[in-house]
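Chain lettering (A, B, C, D, E and F) follows the sequence in which the chains are written, and residue indices restart at 1 in each chain.
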Amino acid sequence: MKKYNLPTLRAFTVTIHDSHVAEICLNRPEAINSMNNDFWRELPAIVNKLDMDGTIRVIILSSTGKHFTAGMDLEIFDSMDDDKDLEPARSAEKKRRWILTLQDAFTALERARMPVISAVQGACIGGGVDMVCATDMRFCTSNAFFNIKETELGITADVGTLQRIENVMPSGLARELAYTSRDLDATEAKRCGFINKVFDSQDEMLTEVRKLAATIAKHSPMAVNGVKEMLNYSREHTVTESLNYMATWQAGMFQAPDVKEALSAAKEKRTANYDGLRPL
Amino acid sequence: MKKYNLPTLRAFTVTIHDSHVAEICLNRPEAINSMNNDFWRELPAIVNKLDMDGTIRVIILSSTGKHFTAGMDLEIFDSMDDDKDLEPARSAEKKRRWILTLQDAFTALERARMPVISAVQGACIGGGVDMVCATDMRFCTSNAFFNIKETELGITADVGTLQRIENVMPSGLARELAYTSRDLDATEAKRCGFINKVFDSQDEMLTEVRKLAATIAKHSPMAVNGVKEMLNYSREHTVTESLNYMATWQAGMFQAPDVKEALSAAKEKRTANYDGLRPL
Amino acid sequence: MKKYNLPTLRAFTVTIHDSHVAEICLNRPEAINSMNNDFWRELPAIVNKLDMDGTIRVIILSSTGKHFTAGMDLEIFDSMDDDKDLEPARSAEKKRRWILTLQDAFTALERARMPVISAVQGACIGGGVDMVCATDMRFCTSNAFFNIKETELGITADVGTLQRIENVMPSGLARELAYTSRDLDATEAKRCGFINKVFDSQDEMLTEVRKLAATIAKHSPMAVNGVKEMLNYSREHTVTESLNYMATWQAGMFQAPDVKEALSAAKEKRTANYDGLRPL
Amino acid sequence: MKKYNLPTLRAFTVTIHDSHVAEICLNRPEAINSMNNDFWRELPAIVNKLDMDGTIRVIILSSTGKHFTAGMDLEIFDSMDDDKDLEPARSAEKKRRWILTLQDAFTALERARMPVISAVQGACIGGGVDMVCATDMRFCTSNAFFNIKETELGITADVGTLQRIENVMPSGLARELAYTSRDLDATEAKRCGFINKVFDSQDEMLTEVRKLAATIAKHSPMAVNGVKEMLNYSREHTVTESLNYMATWQAGMFQAPDVKEALSAAKEKRTANYDGLRPL
Amino acid sequence: MKKYNLPTLRAFTVTIHDSHVAEICLNRPEAINSMNNDFWRELPAIVNKLDMDGTIRVIILSSTGKHFTAGMDLEIFDSMDDDKDLEPARSAEKKRRWILTLQDAFTALERARMPVISAVQGACIGGGVDMVCATDMRFCTSNAFFNIKETELGITADVGTLQRIENVMPSGLARELAYTSRDLDATEAKRCGFINKVFDSQDEMLTEVRKLAATIAKHSPMAVNGVKEMLNYSREHTVTESLNYMATWQAGMFQAPDVKEALSAAKEKRTANYDGLRPL
Amino acid sequence: MKKYNLPTLRAFTVTIHDSHVAEICLNRPEAINSMNNDFWRELPAIVNKLDMDGTIRVIILSSTGKHFTAGMDLEIFDSMDDDKDLEPARSAEKKRRWILTLQDAFTALERARMPVISAVQGACIGGGVDMVCATDMRFCTSNAFFNIKETELGITADVGTLQRIENVMPSGLARELAYTSRDLDATEAKRCGFINKVFDSQDEMLTEVRKLAATIAKHSPMAVNGVKEMLNYSREHTVTESLNYMATWQAGMFQAPDVKEALSAAKEKRTANYDGLRPL
């Protein structure tokens, strides 16, 4: 396990496990891991670097301290006040571009070539919900809870929650949470399918999530990458179009050597040994 | 609490609660609240008026008597028989237009600027399922049940159930209900995510649903309106398109005064006081 | 009950029950019902014939032996090796066409005019998951389990699982199964909505599934056909487009004689007697 | 020929020709037919009434005086200034709703069940271009010209030009016109396909356009209505979807009696005599 | 040049030129090549066989006698009258399926792996327009004309004209033709882009069209097939989606050996010699 | 007029005219401006910088020497040969990513906030056609010609031509060009709408194109930016969706101060003076 070579991270730490698994950890517990300017600048840079590397096969998104994150840091809103004197239309265009940029930070998780797993302890508030909705799977501790706080603050949540939440939990519940800003606790989150599994403690959770990640990382990264590409694509296209895309993808990406290695490894009762993805 | 000033309602009563919550109540218990011509004429008129008003922030859809509704009234089918002597193609075009008009009555619930909550007691049959599928959230009593009766009557349900049901419950269950016309009871309806919560009695349900509605109505109506717009939009567009629409919307709709009021109210431990929506 | 007149089936048997229900049964238990060349050739031919017949109103997909299916037979991969000497681009085009053909075998289940119900005992592996995802409803025994084996074999599943699975179970769980190749047991499969009901034994399952199928087959086949067409259409279109399609469909397909028969039968407390679909 | 019975029109006259053709004529030549509040209120009301009537088979949109229209009347912008004191977000929402309402006035032309033909003399400026883009066909006099004036006025044209213009002329030319606000003269408008035919004088144009309209009105109005529905639908759907919609439409709308009448009339060398559309 | 081995063609002849070009020729001049039952049965069978063959690189669609085709043969309508006694809903469903089948005959031209060129002499009426709209390019003689006759016959054209025509000529003209059933002559057809080139005689046209086809057939059939796939795909997807599909396609289909052969042939000033497509 | 401060450009020069117009000029005439590695690296960097600047309102894309561009430089294909030893699936994935990157260089032209005008002299071959298809308008000299050379080279054109060309010229002609690799000369290019205007010499063309650009640059850059956003959006969405997006956009972007300035300037017969776009 080694720390990853990224220029002076302030909002995160990044750890590369021996298993080809990278763990991105929110690291400002003293501020309840609120999403400040550092956060927004560093997150997409980290994900982009891990995606280009070629050796990373799974990303875990975890946090430190009692709570996963308090959501947007107030300094963000302050920085928006700079444009007070702008002509209103140009100010609106600035706001639009600024929101698009924040959204991109979370969309990077969705676009990365490898699965992203979030592991939530304690509170996951506001922007935190936007963020975990953009990951492939969510795990949490029994004391975790989720809150679409924006509505209570007079804001329509704008960095991804409302665009993704009905894909990851039933519509009726999603609407209740978004309209009321009430907490969703771990039990209900598990029952409704938003959370894959609940753990008694953060330690147990991280141990198990890393095991899960290592299991995925043992599979052919080409096969896993294809799975993510296809699931994301199929969410937004007809079945007919998605099947055609699958066949066209597979025409070039079918991994004869990986299949051979999988079969040999199975026969020889050993772990398969696959090449990494190509560095970008 | 005051009755709403609408010209001679026959199928409904409308009550405006002090909380900026309007309650539309089916009011023909003697006919099991079946959907007759009055029903179809009055519902869209009521919803349209509430939507234009600007002071209404949540709509509750409730009913009277033992059952929520028996669905389509037979007088509707009779009125369709008027065209017996029409040339077949012109008769078909008339049927198409007539179905589009009925569908619009329920789509009005989906298009209204505020959340719509349905509160179901007893039986919710045929057209009743079409209707509650078009609301944001569904609550019911423990003796409630739902039935896509149309199939048993030799008809493909045509006013919204089949177009919305896989958005609000798992596909496999939805198909079983639609193919068999079997009852879905309250317990299963809750477990599958179709119903948000089950209550022991109608009284308890209405008390709690009105509280929930009041909670939503305390939030900024601009923020809540934005949430509904975005959830509906995202259901039918790619994530990328939905994020872009969100950012473009927010460029004009971001509610600086509402956010300030939310923060002040929180600091001063009082209820926030927001302007209503603009009358249309 | 009679055997269906199809030319020498080797991978399946087909039984026509008195109830207008056809049962397609995988019949190579000695090979764990693996999907060999016979399987891929016979399945679409059977479904097509049943679809054209006009008297068949429901299809059941069942299997024999301890396990439902082991998935793709290795002889399929062997046959793909024939193109070793082809120029790579032409080999890729061949692979693409071949996958499109396999996919079509399962899409035939989705396109057939009548509901298709799968009844799974024991293991349902790899291609088996692709197949049951293309059916309307899934039932299983308590010892059944499902596995997206392809990932573990170094392959991105390519005949339908990834294109349909997020329509039939929660996204987070679907991704865990697809990334890890872990088993999904019957209990979890029921809880997440993938399976409609779990039975203690295959006998009990088949008895109950046949009863369910017979119930559906008693309804107007025009109404049931319309339900399937609309649910499939609505999955891939906006609500507005789906409502318009429904109204246009209904303009021609509304079944006055069937509705009359349904009402008479109800009044006379007898089973309704509907014409079949038109043979194609 | 009779004037149409509509309550006190101020911006238009409406004439019903004997040929089942209605002519809507802009009638404020003293104000260069600018689009004032009367215009916006009356246009959709007229179109809606003609559409519901059932006897009208073609609509002509013409104008009086030297120029077709000067576009938006300044009184419209003044009325927008009323909201100066509104909270900015609510003001933005008001603006959005107001634009949607203006757009709907032109979309009514596109949605009407019969073809709409515009006949342009002299200048067609700003909103005039938005309007004629929403009609099925455009004819003009040799001294006509078209100008997307909004850009020069510091505004992005917002009532339909930019949403429809690349459907009715080549992209490169459309962009030049929209970016520069330069005039498009009749000759170039004809050459690029925007205009169907150019006439020497308004009299000649109106004579010929009325003849053309009468020719269309002699055909089965069900067939003509189907043509418009299909051309509009196909513009926005894949060929596969459009073919399916066509077949589903035709299942109910195929006009056996109209075909018989067409064949008899041809044999008997007389004009066919079709029923009108059904009143709405 | 050899005649193609197809079982007893009655409505067509098929000739295979030495140039890898197949020519499908309508061959019932005594009946003005009207589209009878033979026509509809044979056309898709021929196209399918040529598509599977692997050696055919371009298809020409030509005709014999004075006129290209008179469109639908009346025997087709007669055969539709068989269902007079069917229950109306089942009759409508039959009509829908029957139209879908006719449409498929022309869609086969669009789906074939090689370009299809139509060469029209004299009249091209009704179904003839539907057919040539489904081909890649259209050429004609100076005495050719095109007519969407269906409207005049009381029918909404239903086998492809309305679904494709705005892709191949300006919207305004297309609507005039479809609403009026007037002739489009060769000159106007060329000017509006519907026709690629007009020739003085059928002989000259066929000579030149065969030369053009031979030129295309000299290029790599993999490259040409990719061009057709991409142009068809791009017509119905966003630019972003189409670019992604292109890149995914190219990942497998990029033709290193073909490029090398193209460069060598150019250097050696000889015709390149490419492998055919793979037989299906 | 000043040279733009960009780090050592090798394939281009960039000039900023006094009119807020930037001119990007291909500058390797000795190599017929072929698209080498420098080209692909520099183009998106330049466009991005101009887009962020805020003062640039129009971009002109011109070239030097006898010909506009010879298309892809052979060194690009050589660099693709590096992956000879890669496992085929990973090589295919590399190829896919590489093509996506090349495509992005041209898409940058389409995404930039200001119009892009191309001015073509002499030959515009292969990648040159891909490039100019991504610009808003195309102008050329009378000796210019365009050629989709890729097909003749055994390649399916893959960086944008096939995805955009049917948006900018008639389908039948586009297919002829793409299938045959024949030249499209200036006259035909103008007649078919691909080219806005043809000039006798490059000097005359550049003088006129710069005047045109200056005219556009005199308009409100917010209005012009909105026009481009809407035209691009409308190409890929239904009219209904595009109108809704327009209204939502306008809610925030309506430029009251720009309109006032436009009106004042018109009254005072002077050039309007607008703020630039906001720097990104």
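As a working rule, a residue touches a chain if its C-beta (ideal position, glycine included) is under 8 Å from a C-beta of that chain, and two chains touch if they have at least 3 such contacts.
Just so it is clear, the structure is predicted and the values come from calculations on it, not from any experiment.
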Pair of chains joined by more contacts [C-beta pairs], C-E or D-F: D-F
Superposing rotation of chain B relative to chain D, computed on C-alpha atoms, to nearest 5°: 180
Self-contact between copies chain B and chain F, residue sets same or different by half: same
Interchain centroid distance [CA atoms averaged], chain A/chain E, Å: 48
Cα-centroid distance, chain D relative to chain E, in whole angstrom: 34
Two or more partner chains touched - positions in chain E: 88, 92-93, 95-97, 169, 192, 222, 235, 248-249, 251-255, 258
Chain B residues touching chain C - in the complex, by the definition given at the top: 77, 92-93, 95-97, 99-100, 103, 107, 110, 150-158, 160, 162-166, 169-176, 178-182, 192, 235-236
Chain F-facing residues of chain A, complex: 86-90, 92-97, 222, 225, 252-258, 275, 277-278, 280
Residues of chain C that touch chain D when the two form their complex: 245, 248-249, 251-253
Partner chain A, residues of chain B touching it in the complex: 115, 136-138, 167-169, 192-196, 212, 215-216, 219-220, 222-228, 230-231, 234-235, 238-240, 242-244, 246-255, 258-263, 272, 274
